[in-house]
Every structure is written in structure tokens, then in C-alpha cells.
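Note that chain A is present in both complexes that follow, paired respectively with chain B and with chain C.
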Partner chain A sequence: MNRSALARIPGLPALFGFGCLVVSILAFEILIRAGVINRFIVPMPSQIAASFERVIIEEHLLERFVLTFKECFYAAILITLVGVSLGALLHRVDLLRRATETWVAAAASAPTVLMYPLFLVIFGRSSTTIIMMAFVAGLPPVILKTIEGLSGTRRVLINVGRSFNLTQSQMFWKILFPAAMPTIFVGLKLGLIFTLINVVGVEFLINFGGLGQLINDLAERYDLPGTYAAICFVILVSVVFFVVIERIERWLRPAD
Partner chain B sequence: MSVASMATTHTAKTSAQDSAGLLVLDDLSKRFPTPEGTVVAVDHVSLSVKQGEFFSVIGPSGCGKSTLFNVIGGLISEYEGNVTVAGERITGPHPSVGMVFQEESTFPWRTVIENVSFPLEIEGMPKAKRYEKARHFIHMVGLDGFENRYPSELSGGMRQRVSLARTLASEPKILLMDEPFAALDEQTRLLLGDKVLQIQEELKQTTMLITHNITEAVQLSDRIMVMTYRPGKVKRVVDINLPRPRTSEIVGSDAFGHYVAQIWTDLREEASRGLTEDEGRRVTRATR
Partner chain C sequence: MAETGRLRQAAITSPLLSPVTLVRLAIIAGVLVLWETIAASGWLYRDVVPSLLAIGRAIIALLSSPEYYWHLGVTAGEIGAALTIGGLSGLLVGLVLGGSRFMGKAFEPYLYYLGPTPKIIFFPIMIMWFGVGPASKVALGTMSCFFPIALSVAAGMRQIDPVLIRVGRSFRLKQWQMAWKIYLPAMRHPIINGVRLGLGVALIGTLLAETKLSNRGIGFLIIQAYSLFDMPRMYAMLIVLFILSIGANALIGRLGGLDSIKRL
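Let's turn to the complex of A and B:
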């Protein structure tokens, strides 16, 4: 059986991925026990696993997890609604697009997290600051990919729409938007990465709220196994979001 | 039977007003400004397509066939002369003209039935009714059983049939096709030609086919207009007096061969001229 046939066996890629994770964890365990990696910098995976129960019960991890998840969710909704709308507007108004596209692209690579004092002044030390900072960080890729997707619609599909005398609104909703959907989802996934990083990052920086604050607290106490356990939950938030967005994408684009 | 007796040929200046055609082009010209000067894509073309007629336009690459397609389809609204459908001047996409494009044009996010029912959805027809009507056209193009498949699950020929069914579903007075089977292999092209002939027989659909394939044009048409290489003018209009109903079996007949040879004689001269001019332009660009 060749390699591509193996990749098509149901469940095998997931099983292989899980296997790789287990092997990596075991490798770290062995390397730390053997003294190759300093255990005062990287705790043993077995210590991290043992700290899960303590972190979950003593540090109210579930509430923090839900709070971080909510902040990510609100920011994701905002980048989707505002990002796709702004992208569509810039695609529609060529002058506006030419005037701003470079700035939006520059904003995508700017370290907006450094603007947190300004947001603190505007929104206070609250979840709103975290959501707004995550929104600002995640917005540019959604705008840029929406413009790219709408502009990349094949000319012939637009001509089909024109031949059927579609109105501008019909042209957008029936042809341009569905044709741009794959690229818009690429933008949403990129935006979501920035959003998640910023939610946890700002929670850490302003020492407020969910998992980011917990990581800050545990790191300050030099509780390394606890810190890494909390990081595992941040990864869990990310996994949940990406699974949800993949499901939505598959639901909206059943042809792929 | 000699070709001369079978084919009625007309001079280049075919009068558009000699019959009350459904589609009439009267002295149509289209020029495009380019950095190297104005290019005349279509030059004083006049023709008239009658109700129920299958009319083909054939010419070498660069003769303005696609410009003609875009003008009649209303995708190019500024032109000189007059183009009318049932007496109405074409100034934009006209509901009486249904277009089938050369490139793959099915909507990949819609199933076959969703694609075919698209124009009916735009009209606001209820789902059950438009699906019923779409099934009729899916059956007509021979895609029964594929209603819920996506275009990515179909072959190139099947996708072009979906596009054809989608255009037919809008019930246009004139079916305008721009080399719809150009990307397909010869066998598939001939078989799809049979399908087009069946549909034309059933619907008595007025059809205008833009093509560069002589076999396809002779197999399907009542009349063929041969165009000159740039600027695109009418070189000759040939009446194809082959019996109907036709199938692709006609390709093997002597009469068919004579028509192909006759049209190739006209076309060869233009295609050679086109090739020479293209090569000349390339050499000029390379030596600049």
C-alpha cells in the first residue's frame, strides 16, 4: 500500500497524529529524567499531568476556561462581522480600497498588543479591553482575505450572473460571496489565531480574567507544572475553536 | 451531389434586412483602443438569424468571434451599428438571450439541480416548482441521477451539460454558445453535438454557436458564417443542406466531407494570414 493510500484510511491520520504526540511527550520525559533538558525550566510531562487535578480544583480552572472561551468567542464574532463587511466594502469602493489596503496590510503585521495601555484607559481593566484588543489584532487578515476572495471570483461566473440580469445584491450574495468563501475562511482562521494569542496575551499582561491571568499567577509563584498545565488548556481552547470553524466551513461548503 | 449545388453561398455583404430574423445584426462594428492603436475586432458585420435556426459563426483565432458573442449577449454594450433581438436593440444582457460560455461556468458550491434551477431561483419561483422544472432540463441533457452531485464530482463534458441545462432553464428565445465544447476531446464533442441536436429538435430552439471547429459547425448548423482574420468581417455564409434530424453519424457522409472541405478552404486562407501576422508581431516585439 502506498503512502497516499495510507493517508486515506479513515481515522489513521488522527491516530498517527496522536501517536506522534505521545512519542514526543515520552521523549521529553526521558530527556528531562536523563538531565539533557533542565527540569527547573521544563517540567516533566508526568509532573504536568499530576498537577492537572490541583490546577482544576484550586485555581478554579473551569471558570477561567469559560471566561477565556467567551472572550475569544465574542472577538471571533466581531472579526467575522466587521472584517467581512469591511472587506466587502473595500472591494466595492475601489478608491477606498486603493487608499487603505496598504495600511490594513501594515496593521496585520503590527504588534498591536503593545497598545494595551491605551485600551486600558478607554475600556478599563475588564474583559472589554481584552475582547477589543483581540478584535483589533484579528481584523486585518479577515479584511484582506475577504477582498482577495471577492476580487478572485472567476470572470466567467460574474458573466453568468450578468447574463441572467442579476441585481447588485443578487450578484454579491449568489455569486461573489459563495465564490469567495474558501478564501474568506482562510482569513477567518488567520484572524482567529491572532485573536486567541491576543486574548491570552492581554489577560497575562493586564493580569485579569481567564487562563492568561492564571498562567501569570502560576509563573509568578514559579509553579512550573501548573503553568504548563494551564497552557495545555489554552491549547484546548484553540483546538475547540478550530474544530468548530472547520465544522462551520464544511457545513457552508459541502462541495469541498 | 456537388458542393456547389448543395451549398448556397452568399457574398460578404449579406443584407440583414432581407428577412425578419429573430436576431439581426446590422452593420455591427466594434473597436477597442489599445496602446498600439485602435483594433477593429468586428468590422461591418450584418446577419440575420431566423426563428428556430441553428446558426454558427466560424473563424480563426483573433477574428472577433468572442467579441461578437459578448455584444449579442449584452456583455459589451457599446458598439457601432445595430443588434436587435425580436426588434429590441441590445444594450445590455437581454432576457431573451441565454449564454453558454466556453470556460467551465458551473457554480462549484451548488449541486447540479441547484445550478440548473439558478435562473428560476432568481425569478423567484418556489423551490418545489423550480426543482421540477430543473429536473426536466437535467433529463434533457442526459444527467438523470446526478441531480445531487456537485460539479467537482462530474466530468468536463457533464459540467458543460449542466451549464447548457441551466441556460435552457431560463427559456431564452436565443441560445448563444461560445465554443462550449472546446475543452473536450473529439469523441465527447461529437456525442455532445448529438445531444445539442436532440435538444434543438425538441425545443426548436434558435441557436447561435461560436466555434473554430469545422466538424462541429457542419454537424449542427443550418447556416455557417465564415469570418475573416482581423478585422473580423463576413467572408461567406454557407447554407448546410444536410437532412434533419441529424446525428453524429452524418460525419461519415460524402456531403459532410464536402462541406468541411469547402469551409476549410475559406478558413485556411484566414488562419494562415492570422498565423503569419501573429508571428510577425512576436518577432517585432522580440527585436524591440
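Let's turn to the complex of A and C:
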């Protein structure tokens, strides 16, 4: 196979992928300039690139980024504290776990973000709504993975703890919790992704706050290059966010 | 035979009395009592937590109104279209990326990292491209479900037992025969799982788009209830919607032979 030989050359597939991306951007530029694609519907990539500076300076992109980041941060703290403690509680009280675990799993697959009008009524059009919405959406995977991690602790480790006559709390903090860390972080990773998606999404939907609102604002002003630039920026932010979380996860994962 | 009969009987009767069921009932009862207490107390603004009776009445009113089913039909149609377009294109892209190591390495990182970005922010662009009607909602739903389906198909393709592929090769199957007779049957589970994930996000994408800008569909009804401050109706719609979506999710899982609701 010729192709699989090519795939083995380091960097070549990535270069090819990137090349295709660049070529398609150029193709868009040419098609729009030639009038094949209406430039009032799709702005030229060069226009989008040029409007980045304007969006950063005039629309206070960085302050909005900080605001969105803060909302994510508060929601992340909430999902970590509440999710891990609820997970630990359910692990400890087996009856409660058996009664509610399927409910939590169902909640994880339910479209919770659609409750945002409800949250809007309860918390008003404020950052609290955004944070609470992100918290509710990000919570179930943290609970589920905490239970999974704690129950998956290796028997040997627990026996070591027993042989040292550890108390219940020592057992939890010195054996169970550290052993469950990598799995808990998988849950946190999922939870944090949901958190970011929900923060930006709800900001956009209720037209309040940071980056999500910026996109809504620019679109309502019919500032097309600005809208596209802001969307590119949000994608960039979420990709960076995702890569960073993944790095941390890989760092925490034990080498097997 | 008598043994199995007794066992079966035990299996049927025990869940009714098992401690797990009792705990569940206790939790449900506790939540309902708490809810009713808050509703009656007047601690919160009126109607933020409406009484259970009002919600129950709203659910009955909702389910007996033909208008609701019309809107439900619109939304179901949009989600169905989104899942069809996104699913087929996801399947195709997944087959290409999973089938060739080169293509996978070249393009999969983009899909992998674009997958978890918030899709709703593309809605203004979708409105520009497809108008304010149902097409823009379908587009957003398609965009949402394309990524999980493409990624799980690509991953599933790589996990196929190489023996099956060698069998296909030894029969000198053509490329499309390989896809139809070897790859697709062997990847039933990842595909179903991808569709399940895809359905969840397509539903969210479509409905959120409806709440943002539309004049029909369930999302529109929810945001209408919000602007009219008809809280019992909003609760009723959210409850029915959650039951429907969890049910659809479980149904797809059951059809594909997965656990009804698989852990994340």
C-alpha cells in the first residue's frame, strides 16, 4: 500500500491536512472575489483576518474573554466540589448509588441546556444564570466518573490501607481518592467541555456576558467579517481549552 | 423447571419491594413534598415554583392540544432531517478517515478538536446561509451531529477485527462491497453509539436554534411560554421533552443492543 507508506512519514499527513485547509481558504477567497459566492453572505477570508484587530480593540475582546473565563471558572469549581462530593457520597452509600445512578446517567444524556429559560426566570438575566446552567450541564459526568473511579480502586491498595489500620477518612484521602484521580479527571474533562459549551451558548442565547454575546451583537449589527472573526476566536479558545485539559489528563494518567 | 419458575417469580416480585425501589420512592416523595412546600410557602416569586397540581394540569393540557403535536412534528422533522444529513455525511467521512491511515492522520485532528466547540454560535451564519425558516435549524442540527458520528465511525472502523478485512480481501470484494458487507456490519455498535450521541446533540442544536429565532417547533413554544411567563406550561414542556429525549436515546441504544443508557 502506497498510502500507508506515506502515512508513516512523520509530519506529512499533518502537512497535507493543513495544506488542504489553506487551499480551501484560498479557494473561498477566489470564489468570493469572482462573485461566485455572494460576498454579503460569506465575507472574504482576508476581510475576516483584517477585522480581527478591530474586533479585539473596539469590541473589548480580551475583557469579554476574561468574563467568559470567569464564568467557566466558577462553574468548574462548582462541578468539581459538588460532583466529586456527590460521587463520593454515592460510592459510600451503596443503596443510594444503586437507586440513583441510572437517574444521573439519564440526566447526562438529557438536553439540560434547554432549561435556560427556566433559569432565566429563577436567576434573572445575569452571570448567575449562565454559571448555574453550565454547572447543571457539567455535573452528571463528574458524579458518574467519580463513582467509577472510587469503585475501581485496586483491591491491593485497599488491603494495604487495611493493614495499616487506616480510619475511614484516612482510607479515603490516602488510598481511594488518589487512586481514583485519573478517572475523576476524565469526568472533569467532560464536565469542563460541557461547561464551556454551555457558558458560551447561553451567553449567545440570552445576549448577556462575554464572547457569546459578542457574536450575537456583531450578527445583529450585520457586521459579517466581525461575526466570522468572533466565531473563529471562540473556536480557537475552545480548541486551546480542550488541548490544555487533555494535556493535564494525560499527565495525570498513570503509565501502564 | 420448578427451580427456574421460582427464580423467575422472585425476579418479578423482588423489585417491587427491594430496598433500592424503596429508596427511589422515598427520594421522589421527598422531592415532591419539598417542591410543594416551596410552592405553597411564597418564598420565591409567584409561579417560579408552581404547585404540582398546576404542572400536572399543564401537562394534560399540553398533551391534549393538537397544536402541540403539530409543533412537535415540526421539531421532529427538523431533527430527523438533521440526523439523516449529518449521519450520512458523518458516516461517509468516518469511513474515509477510518479506512485510510493517511487521511485519518491528516484530517481527524480537525474534527476531534472542532467536535467539542459550542455549535450554537454558528447560528447567525446558518441564518445568513439558509434563511430564518426550518432550514437553518436543520443546518445547525446537522452540524452538531456530524462530528460525533464521523468520529465514532472512524474509531469503530479502526477497531474492526483484521481477520474480517482479510476475509473480504480474499474474496476480492470491491471497495463498496467491502464497505457494505464487511465494514458496516462489523461496526454496528460504534455506529449506533455515534447516532445516539448525534441524536442528543442534534436535538440540543435544533431546539436551541428554535428558541433563538423561529415561529414554530418545541423550542419556540418553550421561549413563548417564557415570554408569556406561563411557568406551569414551561415546566410541562420541559418535562415532556426530557422524557421524550431520554426515551429516544434509550430506544436507539436498545435497538443497537447497547445498554439502555450507557455510562459516559
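What we mean here is this: the second predicted complex is superposed on the first by the 186 of 256 C-alpha atoms of A that agree within 3 Å, B and C clash if a C-alpha of one lies under 4 Å from a C-alpha of the other, contacts with A are read in each partner's own complex, and residues count from 1 in each chain.
Basically, a residue touches a chain if its C-beta (ideal position, glycine included) is under 8 Å from a C-beta of that chain, and two chains touch if they have at least 3 such contacts.
Keep in mind it's a predicted model, so treat the numbers as computed, not measured.
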{"item": "Touching partner for A:164 - first (chain B), second (chain C), both, neither", "value": "first"}
{"item": "Greater chain A contact set [chain C / chain B]", "value": "C"}
{"item": "Which of chain B and chain C A:99 touches, first, second, both or neither", "value": "second"}
{"item": "Which of chain B and chain C A:175 touches, first, second, both or neither", "value": "first"}
{"item": "Chain A residues contacted in one complex by chain B, in the other by chain C", "value": "none"}
{"item": "Interfacial residue positions of chain A with respect to chain B in the complex", "value": "154, 156-157, 159-160, 162-166, 170, 174-175, 178-179, 181, 253-256"}
{"item": "Chain A-touching residues of chain B, taken from the complex the two chains share", "value": "73-75, 93, 95, 97-99, 101, 103-105, 107-111, 118-119, 121-122, 150-152, 167, 170"}
{"item": "Contacting residues of chain C [partner chain A, same complex]", "value": "19-21, 23-24, 27, 44, 48, 100-107, 109-110, 113-114, 116-118, 120-125, 127-129, 200, 203-204, 207-208, 211-212, 219, 222-223, 225-226, 229, 231, 234-235, 238, 241-242, 245-246, 249, 261-264"}
{"item": "Sites on chain A touched by chain C in the complex", "value": "3-4, 6-7, 13-14, 16-17, 20-21, 41-42, 95-96, 98-100, 102, 105-106, 108-111, 113-118, 120-122, 140-141, 144-145, 148, 187, 190, 193, 196-198, 200-201, 204-205, 212, 215-216, 218-219, 224, 227-228, 231, 234-235, 238-239, 242-243"}
